[in-house]
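Structures given as structure tokens follow.
Common to both upcoming complexes is chain A, partnered first by chain B, then by chain C.
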Partner chain A sequence: MKASPRLEEQFEGNALIVKLLDSRFDAVSAPVVRERFAALIGEGHHRIAFDISEVEFIDSSGLSAAVWALKRLGDDGKLVISGARGSVMSVLRLTRLDKVFRLFPNTGMAVAALSD
Partner chain B sequence: MPTGGITLSIESQFENIFLVGQAINKIVSSIPVSEKTAFEMELAVVEALNNAVEHAHHLQRAKRVKVRVSLESDLVSFTVIDQGAPFDFEAAMRTAAIMENVPEVERGRGLGIIRSLMDEIKYERKGKANHITLIRYLKRS
Partner chain C sequence: MSNHLQTKVSDHSSISLRANKAANPGRGSVDRPGESSKESTLRDSAHGADLVLLAIADSTERRHLAKTLANSGCEVLVTADSRAALQLAISEQPGLIVLDTASPGSDGFEVCAELKLEQRTRHVPIILFSATLAPEEKMRGLRLGAVDCITKPCDWAEVAAQVCSQLDLARVRNELALANVDLMAVQAQHQAELKAAASVQKSLLPRQTTETYSNLSISWRFSPLDHVGGDLLGYSWLDEDHLAAYVVDVCGHGLPAAMMTAAISISLAPSIDAGDGLQVKQRTAYSPKEMLEKLDREYPIERFDRPFTISYFVLNRKTGEFRCSRAGHPMPIIVRREGQIESIDAGGTMIGLDQMLPFDEGAGKLSHGDSILLYSDGVTECRNESETYGLDRLSSVLHRSSGCSAEVLCDEIVVDLARFNSGAVMQDDVTILALTYEAGLE
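Then we have the complex of A and B:
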């Protein structure tokens, strides 16, 4: 049995960095991530950098959780993705979500964009 | 390349899907195929398994999902076998094609991903089981 997905949260400036520490963002981890995003947005966090630099495998469930958070924030906030690489970036391009999310190579650039 | 086949079987729950995915990645890497192709095959099968667990079995753990992997000289095929109710495969494929043009959709992109990554997808109803076969042709060197 896989362990529950691990998330790390850290403030930088007026942005919150949420980092998924697991290598797979799939149907197991996606509901937990979505639930955490719901709580954070409910607490008033509206500028979020989602760091997926540790993720090596993403499927439609992971993508759905991220899209859900983006839509939940709507016009009231911003959610950007940082650290997507390799096959994860390929899936974002394949599904054309690279046009939906603002993508940054690292959290520094993501936080800078959120501070605009 | 080696030819042959193997059937993998798991209890129908999301927590087991990565086992099949990683096994498939290793199996097809031995053919060999590129790391990118191995990943794409793994992802396509994971998406088919996600659908089987959620939509065919409705998260009933007592059911099993099988994946028959077949290595042939010019192709690799994966047949995902579930015990769910029959469904309108053609309608599902049409919906997937439409969804591909709506990237911001929240759910329902799994079949579209499979369509994009595999060369053929076939559906058969055999007895009380759905057989969904994903085929990827291998490029000749």
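Then we have the complex of A and C:
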């Protein structure tokens, strides 16, 4: 059985960086990500940078989880995405989610945007 | 079956009456309706779990072992004749048999083989009991299916302990087998329900896969990954001149996604009940942008816990003019008769995000022999060992088939996908809807 996908979390200033350490953001990893975001948001974290620089493949389950987290955060929070590349970026463009999420090439810029 | 207690055994008798702890109701006699004989054998042996059949020639040995086992809490049935063991095993369904290999007049190994061949007793563990067991003999016994071999002289307490542990093992195996039978029944029911759901989902689709209406030909293909899927397609006439068509893709697979498609298909229906049996055409159905906005209001992500994508267009068959919009869905493709391929980007993001982005609307005009294609990403995201199918390959297929009927377009795509996949199982729901326009025909 495949091991659970891992998430790495670290603070920078008042922002939380959540990094998905799996190359696939799909039906297997999406529930884990969603659950973790639910817990983090529940704990009061409202400025989150989601680092997907390791992700090479994303499908509707992954998109669904990201979108769900964004909605859950609501107007009081900010969720931005960093490190989207290659086919992942294409999928975000096709689904117009590149207009829904603020996208940044790296976590540095993402965190800076969160601190505004 | 008699109930009275008797532990003394006579050398001439072949059966001794066992010490009954409790009556054993329904042993081997009551079958559950619909249960196979294998299943009822499993349940019967559960009843006889602590009954040990001893087929031992020497009366002293027989007595000793019977007593030790009875003290350990087993029910014991004894016989001096190993030939009788087969019949006794069938009728009494013991949890274990201790079988003497050298009974006078019969070969214990043969009896062991018979017991293992007989369908009603093959599940009963056998311990072979012998005076001299050379290693080849022990191997022979194990190969015939015995679980263990005991040589005499032996420590009766040790033998009893081995018997009890084999009984425990057999009990656990039996429980597992019964649980497995139950599980398979549950799975069979689940499959039957999925098939029923597939029929319901099929009823949401248009009646025929290919239809021709005066100057339009429409064709579609729908292949969910499992019996049911999260894709939906459809088309309907808003009036004499206007046709609306769509492909929907709900995030996820299986039954939950399929149920959501049923709800969405109702929202997309062109007519709504205005009361008193009056059916009114939805005004919003004429405008792709308004239809998507309506869906976005009706299906916030919290409603079904998932978003969906949709590509929707409305065509005027008299003029060839169309309007279209998409919500996070792959772009509709226009295939011009001469072979040019165009995609239309206009739209917004997935349905469910509460008007986070506005929906724009695109427009265009089909000329004679032009086609329009809607599809789900199961087509373009299809992967074989080395590459992804992709939009470029799809566009080549369409380019080659430009000017053809909708049916031919669909066939060509399906054939090329199969070629790409080398006949392997598809990884996602595959949904396509094609329309070819013939101008000037009424």
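To be clear about the criterion, the second predicted complex is superposed on the first by the 115 of 116 C-alpha atoms of A that agree within 3 Å, B and C clash if a C-alpha of one lies under 4 Å from a C-alpha of the other, contacts with A are read in each partner's own complex, and residues count from 1 in each chain.
Operating definition for what follows: a contact is a pair of C-beta atoms (placed from the backbone, for glycine too) under 8 Å apart; a residue touches a chain by one contact, two chains touch by 3 or more.
Model, not experiment: these values are computed from the prediction.
K.L.:
Assess the superposed three-chain arrangement around chain A: do chain B and chain C clash, or do they fit?
P.N.:
Because the two structures are overlaid on the shared chain, the partners are seen to clash.
K.L.:
After superposition on the shared chain, which partner residues are touched by A:Val111: those of chain B (first), chain C (second), both, or neither?
P.N.:
In the superposition, A:Val111 contacts neither chain B nor chain C.
K.L.:
Given the superposition on chain A, which partner contacts more residues in chain A: chain B or chain C?
P.N.:
B
K.L.:
Can A:Lys71 be said to touch chain B (first), chain C (second), both, or neither?
P.N.:
A:Lys71 contacts both chain B and chain C.
K.L.:
After the superposition on A, what does A:Asp59 contact: first (chain B), second (chain C), both or neither?
P.N.:
both
K.L.:
Using the touch definition from the top, say if A:Ala15 reaches chain B (first), chain C (second), both or neither.
P.N.:
A:Ala15 sits against neither chain B nor chain C.
K.L.:
Counting only touches as set out at the top, which of chain B and chain C does A:Ala27 meet: first, second, both, neither?
P.N.:
The answer is both, since A:Ala27 touches chain B and chain C.
K.L.:
What is the contact status of A:Lys99 with respect to chain B (first) and chain C (second): first, second, both, or neither?
P.N.:
both
K.L.:
Which holds for A:Ile41: it touches chain B only (first), chain C only (second), both, or neither?
P.N.:
neither
K.L.:
Starting from the residues of chain A touching chain B, keep only those that also touch chain C in the other complex, and list them.
P.N.:
Residues common to the chain A contacts of chain C and of chain B are 27, 59-61, 63-64, 67-68, 71, 87, 94-97, 99-100, listed in rising order.
K.L.:
Taking the complex as given, what residues does chain A use to touch chain C?
P.N.:
Residues in contact with chain C: 27, 59-61, 63-64, 67-68, 70-71, 87, 94-97, 99-100.
K.L.:
Can you tell me which positions in chain A touch chain B when the two form their complex?
P.N.:
The touching residues are 1-2, 24, 26-28, 57, 59-61, 63-64, 67-68, 71, 87, 90-91, 94-97, 99-100.
K.L.:
Which of the residues in chain C come into contact with chain A in the complex?
P.N.:
Spelled out, the residues of chain C in touch with chain A are 249, 251-253, 301-302, 305-307, 309, 328-331, 347-350, 352-354, 356-357, 377, 381, 388.
K.L.:
Along chain B, where are the residues that touch chain A in the complex?
P.N.:
Chain B reaches chain A through residues 14-15, 17-18, 21, 36, 39, 42-43, 46-47, 50, 53-54, 100, 103-107, 109-110, 112-113, 116-117.
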